[in-house]
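Chain lettering (A, B, C and D) follows the sequence in which the chains are written, and residue indices restart at 1 in each chain.
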């Protein structure tokens, strides 16, 4: 099941995200990245494992904590970093920033900064594929905070009612900004909520990249086979604050330390070594490749240009012959 | 001090978690900072050895301030100036707001219609004045209420027709303002007065020759070289050029010469001509023409009356030999120039007919004294003997 | 159209809308209609009656009462290659979908750096006048006309009801069509070959030189009636039907103002921050010296629209209030 | 251009005075009293009168001749001579 190449790939993908996010934290402190920044450190296994279940024709919708999903989907690190610098070379021309990455080539339909805002879109995406008989699915990533929004319930019901091929992929990292799940939901069993709309649901250890890969592949296959919408809960945890300006008054230091020991990378490396699929030299090579990719992304962003103010109103509407 | 959010300007260092000499690794938490959102752990982004803790716990410092100095791995202990903490990247200065793409302003059919402000229309209607007869102040400009007032004042309103109330009270208001300023000046400023006769034959001869060389429209008025001399002489006596404010004299490096100009139909204003000491005679003439025509055309708005640092009153035109001016607060001096007359004047032992002008100085005794005033008038006299240098 | 007669035929605003829907569904397989009760029930205003039988469940989709979900789904489907028509029963319920309309439909093209199009059409009924009380009597066209990134059109005549839909569908950006609820039963004639019309320009519905009456949607017919009454008193009013509220066709409005020099704007929205206020501001900015009198506005009273008829009538623009405002503007105190 | 008549010159002088000092009523200007006693002209105004006459009549008026323009009649005589001779 796990061969050397796949093991190396999964590890490298997770390290790409980890080092990229660490560099973002540094650049934010230096004032190079402004606005809001929500880091994905600790949840890398979900984006990396889940993204392997989707083809280039499928559509991906994510949230404002989306750097990991964009990198795993194939959006270039340079265009993402340039976007966070607000440069024209960014994947959204510098107009969206960290929370709104868009990339037509990889059918990455961006982050949404409105909790739950992407779920209705996903229903529409999947409806279109169904109506046009296209063998495609739509992946919609969101956090457990979204289950409190009406749009979660409206969307799952509508998706199941119309049996559209949409995957609702919920990253349950236990906290919606500063509110723990049990302090906002009467019933914290997320799968039960999905099953109440008859949507097939399953929960998986979000720290185990292989388990994530398998659970998502199974859900995607069911949807592709016409089984209608699917729901997957990934039990995971974010090691850093909700955003950069968060004193984390809502959780204890040792809880964070405990989860760090269960982290997706720190547990995966020994597992590969025991299985003889990884040695220190290979790990060193991966780290240096990742380091170079992150460094190149930063210089690409630094060298980027500002969009001229004259283009302010460009693209509000589609240009057409006068 | 790292920035942690767009709305964070500063943070208070609560606690150092490292001390000089400690090894630190990238990503290691080295300090705790208090912000409006609570205590936040601060990471270090470089590997190295702590050299010196610059900021003491308990002090509040702005974002971007150096908190500690680090020695790169293997760097000598000598306190080489460590690389300053990365300065906060200059936020891209928003370029000037782009000119909004000009929406194609429609040219309404009747583009030819004269532009008249509603206030002007209303007054014209009240006074029974035909708007066709009113000229806007600036060519092709908008006919304003002031333009209608001027036209009404100029037209001999038939007796019995309602006097233009608006125009009258405008002049009354101005007279009131002048009265108040003069009263305040006399009350608050201890004036001292000096007068001297100056031989201006050289400068008047020079001017006549100069104007012969020029076309009619480029001619200089006699007051123009005098203005330049009045301004240049101040360089030797700074105590006369500036303003009195909040109980103290503030000298002015620049010389903004207020020119007293009489308005048509009464009233007086003294708008400033900027940097009169540094301008050429041609520029001074152009500035004087512009401000005079606007004052006498009734179109000088008070907002344009920038504040002079000294005033010149040139009443010689009206045939007055010697004028002792009242200082315009908050200035501290006023120079008066009288009529140029031909008088018998001793020149190297013999008597000759020379053109003489009486120059006076009224000055604020709180700021300067007679000695300074005397030096000034002497300097003025000397400057007027070399007109070529005034160019 | 099946009947061969070349002459015009009597029809209604509702049937004109239905013809437009049928034509769009027939011409392009990417077109589909979804909304509350548009299928089996035939549409709350019976606009889509019969379409389910003709086009089937897939393309005439009844939705649960989930405005945010199905408007968002419309946006998603448009992003993914479809030409969806979403019917939000009335603008009163559209408030529940405002986040999807503002933060997704109007924003994604610009925020993505121009990578995506959203060729979505949303239809909403609007306006008061049926004693439905405050929550069912709103007029939000002016609000929506404030949002860059979407277009707003207001069909007030049978030709526009018949012709605006196809043009809106062919527009690569989101368009919202507001249909005043009082118009559905409007009877009139329609040319047999009536088809697509533009949604870019205002129309002069009645020529005149004494003053310009600017209006749109449901208020057009009251304004035309007012103009007729004014004519009996020797005041010839020019009536402008805006047809599009975003973009606003100011050249047509100002062209008329330059001729008449006086203007009254009739707008069923509340006066403060209304669309009438925006038109007035632009006229002041671009045609100040053309004015011989202050521009007047006839808007809804700033109250929740009341249920009893006499109060509802007092709250929204009426022919009398338009005539009175017009006479004041031309300096004749009616 | 044939030399202007005395009538043209008188008209030119009065028009110039009215342009510079709008409150002037041409009918009330006494021919032989100094203009500066009848019309509010400061040195700038007078220079502008000279410039305007120079432009309308196309002749140069040196500073030395200013005195001959002190009255209306004097000015017309002087200008007629200059134009006639011109």
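The definition used in the following text is that a residue touches a chain if its C-beta (ideal position, glycine included) is under 8 Å from a C-beta of that chain, and two chains touch if they have at least 3 such contacts.
What you see is a predicted model, and the numbers here were worked out from it, not measured in a lab.
Set against one another, B-D and B-C show the most C-beta pairs in contact at B-D. Averaging Cα coordinates per chain places chain A and chain C 41 Å apart.
Distance between chain B and chain C, defined via averaged C-alpha coordinates, is recorded as 56 Å. If each chain is reduced to the centroid of its CA atoms, chain C and chain D end up 70 Å from each other.
Pairs of chains in mutual contact: A-B, A-C, B-C, B-D.
Those residues of chain B lying in contact with chain A across their complex are 2-8, 27, 35, 37-40, 43, 45, 63-64, 86, 88-89, 91-92, 94-98, 101.
Those residues of chain A lying in contact with chain C across their complex are 59, 90-96, 100, 102-104, 109-110, 112-114, 117, 119-129, 131-132, 138, 150-151, 154-155, 157-158, 161-162, 313-318, 320.
Contact residues on chain C toward chain A in their complex (touch as defined above): 30, 32, 58-59, 61, 63-64, 66, 68-82, 84, 99-100, 103-104, 108-117, 148-149, 151, 172-173.
Only residues 250-251, 254-255, 257-259, 286-287, 289-291 of chain C touch chain B when the two sit together in their complex.
By the touch criterion given at the top, residues 150, 153-154, 156, 208, 211-212, 216-217, 219, 221-223, 261-262, 264-265, 288-289, 292-293, 296, 317 of chain B touch chain D in their complex.
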